[in-house]
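The data blocks that follow each hold one structure.
One chain, chain A, links the two complexes that follow: it is found with chain B in the first and with chain C in the second.
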Partner chain A sequence: MNLLEFSFLSGVLTATAPVLLAALGGLICQVAGVFNIALEGQLLWGAFTAVVVSDLTGSAWAGVLGAVAATVLFSGLLSAASVAWRADPIVVAVGVTLLALGLTAFLMRQIFGSGGTYTSPDLAGLPTLAELGLDVPVLGPLVPLAAVLVAATAWRLGRTRSGLRVRGVGQHREAAEAAGLRAGAYRHGVVLVAGALCGLAGAQLALGNVTLFSECMSAGRGWIAVVAVMLSGVLPGRLLPACLLFGVAEAVGFRLQGAGLPQQAADAAPYVITLVALVLAAVAARRRAPEKGST
Partner chain B sequence: MIRRVVLSTPVVAIGGALLLTTLVLVVVGVDPAVAYPALIRGAVADGNLEYTIAAFVPTLGMAFAIPLRAGQFNLGGDGQLSAGGIAAAALALLVPLPPVLAIGLPLVVLLAGIWWYADGRTVLGYEIRATGHNREFARYGGVRVDRLAAIALAGGGGFAGLAGGLIVLGPPYRFVDGALTAPGYTFTAVAAVLLAAARPAVVPVTVALLTVLQVGGQGMEREAGVPSQLTQIVQGLIIVIVAVFATVRGRRATE
Partner chain C sequence: MELAAELVGVTKRFGPVLANDGVDLAVARGEVHAVVGENGAGKSTLMSVLYGLHRPDSGHVLRAGQRIRLRSPADAIRHGLGMVHQRFRLFPDLTVAENVVIGAEPVTAGRLDRAAAHRAVTDLSDRYGLRADPSARVGTLPVGVRQRVEILRALHRRAEVLILDEPTAVLTPGEADRLFEVLRTVAATGVAILLVTHKLTEVLAASDRVTVLRQGRVTGRFTTAGTDADELVHAMIGRSLTPPAPRRLARPDGAPALGVQDLTVRDGDDVPRLTAVSFAVRPGEIVGIAGVAGSGQRELIDAVTGLRPPGESGRILLDGLPVRQGRDPRVAYVPEDRHGRATAPELSLAEDLLMGAQHRLARGRFGLPSAAVRARARDLSERFAISAASVDIPISALSGGNAQKAVLARELTRESRVIVVEEPSQGVDVGVRERVHALLIEARDRGTAVLLQSSELAELRELADRILVLFEGRLVAEFTPDATEARLGQAMTGVLP
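For the complex of A and B:
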């Protein structure tokens, strides 16, 4: 196998994984009728807590678990505000994201004693699959896990009783409640599960893609995940290509940087490509259904 | 009347946010009795007022960029701010623009006055408020709501661009990488507009309040050693509390 090609492929998959995990969280919320655009804040919080726990314990796996637990806890605020009290989801998302930005930067200075970027020999990064004894170089264990979770979610939502109920709650809350379902409980549930997925996404970003924490390191990936959910038409199967688009753009931008493209242009590329794709997809969707699309 | 004032959204939001912030301070081992006076001094004392005004101008400009009054939300403020800044810098290279030393503050105050007048006394202002209150009802009443929403968003982007231009053309008259987005004007403006429920007469007040908090936070960092990011935490809390409280009150009003 051509090593160059494989390193490009693994670059694509590694760039895709955090976005895919966060987008999966956004998707299950959307299926249950909760508009969750706080993914950016949840992802950043997950990355920070992963680094803190990994740094304290010296174990990357403890960091992953810590990130999942801490982000589920953090999502409790979102779940209380937008599900229990039915506050405006966009406003709550802005507040939660700002809170995550502030909390991570504040706590970073309190815990590590400085701002900017933190890395240390005590900070354990995730091993690669090769180090775990599998014949796959470079990739970390959370990358294939992301793909497995997408498949599992598709199966769960499409083929199981609980999945049907989640979809029912999202499609018609009153009908689902009339059928005896506790819609609120399902909605709280999906927000917390999305928190767990964003915790995984953050851990992959901070302990898998790199081994460090830096302020605002989510860098809009949570917003890209929101876009991916919209692009996918809330179908798990279509989430993968939507997120891969971002991953390819990031990996290509990184490559082009080696070929002399300015770093800023390489940084902007994935976002430009995703934005263009969203507009094109929206136009195409409107053309297909001109009656529905007139709002 | 007293009950209404005590229970009004800004009072609850600011009170709640201050309470939680004090809790954060105590948890990280900072004496609030040291931190808060340092915050006030950092915003208004010893020539710091100059910095507060310098931050007030773009923040109020960004507050105009959020057409919440028309029921629209603008989350792209940072990008529009940067676009305005880079455009002003590029234009200044082609056509030497004069530095806008002193027109920033009078300009935004004038704009706030125009906005207040337009909101209450013109057809456009009426249509914007009608659309913000009830989009379908406004459409039924003959307002071209889609066009109005597009105008509101584009106009908002224009104001964000103006704010960016004012920053670049103001002292020190240069485009500094990150200087437009790093101080967090956009989110401060979002919090202020939500806190004021987008009422034009109240927005300058809440912008001033949150700017004092923002600039004072840096004074608190210098004097009491509290990271200034604490103010971002406060703003985030204010936004969440306003969102929740406004909804709960709205539901209670309709029930």
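For the complex of A and C:
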């Protein structure tokens, strides 16, 4: 295998990881019956806090942990609004996402003294696996972790007690309560876990894919994750194709930019390709399983 | 007699409504204790208090003599209470075993022990005769089996007090008998059973003691062996039922008002729901439709009322002319789904009563004098004994019985040649039921053709002049009203007499 092909492959996987982690967060919320479409905001907040902590401490790992902790806290707002106060999920998502956009832009000016894009020699990016002594060039450690987490989530949801309860709470809240389960607690729990996953996703985006923060850098990946969740049939394994597709499209766009494609077109390409492909997949799936209705 | 649970002086208000007023109720270990009363008598509220779903305004709960605090069903389950809800609280996409063990799951080495869960279900099934396949998905099961899953769950949680809220509402007569056998077996192990119902035949057949509620208060306590239906009815409604007038046979005459010819209906998956159904209803007779749920009643009634096209074959004729699509005005219709199909929930009582009769009150093109609309509504309320605070309250605020009377008032005053009635006394109490029956007989005697669908065989036998049985979408038998419930039941389940 020549280096070019391998670097393309690792580019695909690296671009896939943040979307996959965020989608996994969205998926567990969906399983528990919380319609979480605020992933974009959670992801952006994760990216920002990862950069802030890494910049302050000089440690990328501290940045990762900081992003996880900060995004769990931030998600407390989401869980209070959507679970405790039962606010409309779309209103909550728009609110949380706009808040993340505005707050990161504001805090960026407060902390780093300027808007736009921030990077600095003090800002520590995540090492690659090669730097960690493994014989895999280029890939960062959170990329294989994302794949492991998908498998672990599938196992947890399908095979354990807490997984059964989360599924039960998602299917029928009243039934869960009648069975003596504290449905609200499980729902708060999954929103916070989704926060942790989006923290990881943000850290991978800002310290793994690149080593910088720029305003609005999540750039719709959270929305792609939402679409991936909706098309996955709420099965963790099925998140992979949709997220990989996005990864491929982004890596291809990046290549084409190198080959002279205008930057704007290269930036837009992954979203256009992913959405078109996902919509086609959804239409095909609906054709296969025609809607059942009696009247 | 060892008391398993006691409710002491329970009072519960919902806004201005006093649902329970100082109710005392004690249930002993090993007994089946029936709790009866009309709709709105406070039975469900009382059971919800006992299961931790509602907190009483005053009063408290004793369990095995100890005062307990119930803030949620989780507390109730911890104290050995179990409940089978009227609307099942089950997870449709989980298996039977998962539904049974959820909340008290067997766990081995950090993972759910499916084998142990299956064993738990099989053991309980065998012990109490509650057949259910542990690996079946609950959403695919018939209602009778779903109910067993709810009972199994309570038994798995080692419930010592088992509450069943109107458990037979969804069962066929045969299934109900089997349920009572199971309850006997469970009670024999020392479990106290609270059976909430408004069907007196069940009370007399299945219980040891009875507590009667009326308007939130206890109006009678009996041992079942020492009481009878008359005494229970008196306690329930505060008067005796007028004995039914000797049955006057219908005198149908003339050509059929409603003719159904060779009707075949297929659903979206091309599965036949009705196959070559033909019958006629003449003016002045009541024809009953019997069948277990899902035998094609829905499709038949939708076709007859013009709500669905007759399908690829078959004709529906009203006085010899084809039925018009989309609710034919020549057919009056009293649907089962009272706050869905039968009424328009945003309308006031007066407006809902007007639907279909607006042209009678209209003055010119745009004039619909509201004074006349309301006067008409007040007049109908009086004639049909609808008790509502005012004709301006939303129809959705009426109780089940009053909503039913309102729908009947609206439909019977259409003076249609044909009236189609679904489950006319489902969820209404004995007093309303009596009234509804009288109205239907009256309409029949005026020469209306009545098509009556009911899952209650007693009702069909009381009202119908002929009973047609649907089984898997085919008309398989016709009976006179003196046919026994056993024979009807056999025809309904495909075991032809």
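Structure notes:
The rule is short, and it goes like this: the second predicted complex is superposed on the first by the 291 of 295 C-alpha atoms of A that agree within 3 Å, B and C clash if a C-alpha of one lies under 4 Å from a C-alpha of the other, contacts with A are read in each partner's own complex, and residues count from 1 in each chain.
Operating definition for what follows: contacts are C-beta pairs under 8 Å (C-beta built on N, C-alpha and C of every residue); 3 or more make two chains touch, one makes a residue touch a chain.
Quick caveat: nothing in here was measured; it's all calculated off a predicted structure.
Within the superposed three-chain model, A:115 lies in touch with chain B and out of touch with chain C [touch as defined at top]. When the two complexes are overlaid on their common chain A, residue A:177 makes contact with chain C while staying clear of chain B.
Look at A:282: by the touch rule set out above, it reaches neither chain B nor chain C.
In the superposition on chain A, A:85 contacts chain B only, with no contact to chain C.
Residue contacts after overlaying the shared chain place A:185 against neither chain B nor chain C. Of the two partner chains, chain C is the only one that A:164 touches; chain B does not reach it. In the superposition on chain A, contact of A:102 is made with chain B only, not with chain C. In the superposition on chain A, the residues of chain A touched by chain B in one structure and by chain C in the other are 295. Per the touch definition, chain A reaches chain B in the complex via residues 77, 81, 85-88, 90-92, 94-103, 105-106, 109-110, 115, 295. The touching residues of chain C, counted against chain A in their complex, run 72-74, 76-78, 83, 85, 88-94, 98, 102-103, 105, 107, 110-112, 153, 157, 267-269, 273, 298, 302, 307-308. By the touch rule above, chain A contacts chain C in their complex via residues 159-161, 163-165, 167-168, 171-172, 174-182, 290-295. By the touch rule above, chain B contacts chain A in their complex via residues 24, 28, 73, 75, 146, 187, 190-191, 194, 227, 229-240, 242-244, 246-248, 251.
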